[in-house]
Amino acid sequence: MAPRLTAAEVKGVFEKISNWGRWGKDDQRGALNFITPQKRAAAARLAQTGEIVSLAQPLSTQTALDNPQPVQHMMLHAGSPAPASLDFFAIASHGMAFTHLDALCHVFWQGKMYNGFSSSEIGRWGASKCSIDVARDGVISRGVLLDIPKLKKVDFLELREAIYPEDLEAAEKAEGVHVEEGDVLLLRIGRHVRKKLKGPWDPRREGMAGLDASCLPWLHERRIAVQGCDGVSDVSPSPYGSEIIFPIHIGTLPMMGVHLIDNADLDPLAATCARLGRYEFLFTMGPLILERGTASPVNPIAVF
Amino acid sequence: MAPRLTAAEVKGVFEKISNWGRWGKDDQRGALNFITPQKRAAAARLAQTGEIVSLAQPLSTQTALDNPQPVQHMMLHAGSPAPASLDFFAIASHGMAFTHLDALCHVFWQGKMYNGFSSSEIGRWGASKCSIDVARDGVISRGVLLDIPKLKKVDFLELREAIYPEDLEAAEKAEGVHVEEGDVLLLRIGRHVRKKLKGPWDPRREGMAGLDASCLPWLHERRIAVQGCDGVSDVSPSPYGSEIIFPIHIGTLPMMGVHLIDNADLDPLAATCARLGRYEFLFTMGPLILERGTASPVNPIAVF
Amino acid sequence: MAPRLTAAEVKGVFEKISNWGRWGKDDQRGALNFITPQKRAAAARLAQTGEIVSLAQPLSTQTALDNPQPVQHMMLHAGSPAPASLDFFAIASHGMAFTHLDALCHVFWQGKMYNGFSSSEIGRWGASKCSIDVARDGVISRGVLLDIPKLKKVDFLELREAIYPEDLEAAEKAEGVHVEEGDVLLLRIGRHVRKKLKGPWDPRREGMAGLDASCLPWLHERRIAVQGCDGVSDVSPSPYGSEIIFPIHIGTLPMMGVHLIDNADLDPLAATCARLGRYEFLFTMGPLILERGTASPVNPIAVF
Amino acid sequence: MAPRLTAAEVKGVFEKISNWGRWGKDDQRGALNFITPQKRAAAARLAQTGEIVSLAQPLSTQTALDNPQPVQHMMLHAGSPAPASLDFFAIASHGMAFTHLDALCHVFWQGKMYNGFSSSEIGRWGASKCSIDVARDGVISRGVLLDIPKLKKVDFLELREAIYPEDLEAAEKAEGVHVEEGDVLLLRIGRHVRKKLKGPWDPRREGMAGLDASCLPWLHERRIAVQGCDGVSDVSPSPYGSEIIFPIHIGTLPMMGVHLIDNADLDPLAATCARLGRYEFLFTMGPLILERGTASPVNPIAVF
């Protein structure tokens, strides 16, 4: 499946979808600004049955092809006969096996972060702009799932399989939803089903399904607040090589100021949506407040 | 302020408030079972203005009297001229400076966890029962704040100052709320105001305000699902010495199966509640899914 | 191969070989005191050809049956185009796959460390007595290798195979060496050869070859300074069950004050000794100065 | 004190002192090749009294101006009533407060490591060339201390104070030693005395005494194997700004293939040398075998 756009065209798209300055020159929250109190209150009204679903994978401690740097988990007290147990864990949050929220400082385009902040705002001791703690008050909004394997009547999308704007619109139509301003858009590619059926693989070498760069204008028009995926949103490997390694990451994080949720587990969510016949819900997420951090592991919860 | 009960009486209370077997002999979720879908749906209806407040402290990386084991945060890529930034952090979640959710396996009473599971279910590789991932689907319910310094017309409670059941009821009356089945009860002692005014101290040596053991039957009658505090819920040091080090921890975690949120920051919440004249709200929290873990750092979000 | 001694007899041995008080009641260095400047100067004279051999395994970062908690190694800068590379590692030093020096505070007997210090000298923040930094000035002495598989004309000792005092003496005779006061005694069981030929195993479940408890008086008489092994010196599982889990660990660390090197790799050393026909050499080791620590990863170097 | 050379001249020096190809095009050990077995055997003959001195600082766990990323040390078992204690530590080895050995892959010049290997040999998972484990067999050689504050009759060198070739030669003359092929050269600037007298400072902002770039040809002529310092060998900040940030680091690591010991503690060594009237000794060091690593914390031991 060939890319729709040339590298030059993608660069042009980056310019067009830029939200730099949209919320003032000092803004570091980007498209989170689309989530107004009214949006949240409306989203809360979607919580009708009170059913809940986690969108996160467990924090795996096992080395694997897709988890080269597993979480290190150790007991500090191991219980009996002591009266308590304590533990410790260490995580490189951006790992391919961890459900995490990317901060807007995570990726640069031409040496710039969102809103034109220089990448030199990041040093050995962390990010002084656009760090993950800009989301410290949490992300509460409407969530919408677009289940692409269901649309395509397959178990999962193949590695390197690209999703185009017409797929997003077809999914909307099939599901009876419309992605709107301030939404958290959750895109399912069926990654974990593929792993169960075909075994683990190294996404850095073999790639993963995801959005073609031509979806960026669509995401921009819909004014989403956050983009999430059971993959990493980008189709990989990049059709543009090292010139534009992750076009969706660049188009969202630095250009539009849209935070990304990578490596979610959307299978239980998809099952619930299918069962209830409803693809919108109350989305809740409280990223850890790691000042100067570039990401946080998260466990987003959907409420129906 | 003397304890209301003798050590023997507290032990008797432990027996009376036990929820062992209440949800079946295999249950590991304890009082989270009080939160029904109906409870969640009703809680969501409290989200009316869409205003949001975080209940967490930042994850501090600085050594301090009350943070002897700070979070270790390191950059894996520090940005420019690389096209991305990555980081890593390590946390001993139970630290006194970290807002975290205690798993039911965290504390034992007479060698037992909640529901009678043996403390030997915990070994060097973690907890095989009652680990933090029993809360993997999140905690969505009604939250209620009881602001004790406001009730007592003080800036903060003093170290070692105990809170009694009549204080809880007086706070309910003053605030116009009633703690009910399935609620997340948040108790404010004003710890962070005290720190700002008087400087940091070591709670292990100098103590902290919190609940007297006589509050346990009250918590049990109200059938709360989760108990949280800007301290650690227990008044300390324990009036019972090493015989019963943390009576509230024991009464809640192993006996009632009530998860605890320790070291929250409830000051912004208190300000919002006071401003809106409303002490109930939608409470949302997604603990990290650390299988076999004894706790998770959390950032609970209140929605008004 | 049955144990030579009953549990009661082993406990009697512990009493007899105790070095408590031998170097004063405040001493924390134990048998390191056997290494005098004269001993070191004599050991240095063994360095004649200048050939060198490492006695350590690499610090493995891979999860394995015998490495459940691998070293966590991460790049902090990954080089190009940055002008430097930096990294980070984290280690639970006592891991079965790591060559490390046990501090005298690592194991207790009846609640006591070496020289009668209470195990309560160890708290959540470390060891206030007998920590690894008592060896901060390094261990420089004569090293002696006893190669038991070579003596027995086998590739490796079997799991659970015990070594007795007569084996030690037969090895001395075969090799033409005599273990003496202040020596670092290195005992080879052929563990890594077994792993190469038969694959990895979990020593905690399946055991490992090592010294029978009846060797303790022999070690005491010879006044060794440090005991090392490619296993953990103890035969395992213990013939005494949980009553005396690791008799050699107890006899050496708390009773005799003899530091232990666990999980060395003695295969290159054995090859060099065999080739040169010489089983004594200059032994050098500089443990990391981790104050309050219970161990240090080490890379001891033998000089011929 | 002005630099002796222009930036252009320093770059010319880099070319002239290059050891690329000197030990074959595949060599990764660099100047360690100067240490022959004969050199080691001769060095061992310097161990005459058997007195020993550590050259390392303790691994500090406290945040400080000169230790922004302290060692994280945690107890995994804290002893009583358990029969053992275990711990864990984590270290970013290159920290300014840690005595460590820099691997030859640590610094690049114009995108190249020692022997012309590309800096792209380093990736997120470590260094595939010139990693710290090239020194896995240890460094055993003659050590020589040049004590510059003693030469200059001061307690310590001032921040930004440069050392020139004539200082090195004057120190040699005053001490009666001559730095020769295969030596480990230890340069004392008195850093820790300054800290005791004047308090801690941030070397990255305020600088530190060290070698002027004009010393590089001298180091090259003397064919040293390893360069060590109680600072970081380089005078800082660099007189050449970002054009040549650490001329001594570049001249030694990538150009000459000389490993560096940073942040040693040479005060006890200086005291011993002065007392014995002898500035040469047996130097021993066993770096941890961290494959693909860029450094190792070390505790080098001098034997007199």
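Per-chain numbering from 1; labels A, B, C and D assigned in written order.
The definition used in the following text is that a contact is a pair of C-beta atoms (placed from the backbone, for glycine too) under 8 Å apart; a residue touches a chain by one contact, two chains touch by 3 or more.
Predicted model only: the values in this text are computed from it and were never measured.
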Applying the document's contact definition, name the chain pair with more C-beta pairs in contact, B-D or B-C.
B-C
Fit subunit A to subunit B on CA atoms, both being copies of the same sequence, and give the resulting rotation angle in degrees, nearest 5.
180
Call it same or different for subunit A and subunit C: same when shared residue numbers make up over half of all numbers used at their interface.
same
Measuring from the mean C-alpha position of subunit A to the mean C-alpha position of subunit B, what distance in angstrom results?
29
Cα centroid separation, subunit B vs subunit D, in Å, comes to 49
Taking each chain's centre as the mean of its CA atoms, how far is subunit B from subunit C in angstrom?
45
Note: subunit A residues in touch with at least two other chains are 72, 74-76, 78, 81, 88, 90, 92, 124-125
Please classify the inter-chain touch graph. Allowed labels: line, ring, star, complete, other.
complete
Complex contact set, residues of subunit B against subunit D:
62-63, 69-70, 72, 74, 76, 90, 92, 124
In the complex, subunit D touches subunit C at residues 36-42, 44-45, 47-54, 56-59, 61, 71-73, 75-76, 78-81, 83-94, 105-108, 111, 118-127, 133, 136-138, 140, 245, 282, 284-295, 297-301, 303
In their shared complex, subunit D is touched by residues of subunit A numbered 68, 74-78, 81-82, 88, 90, 125
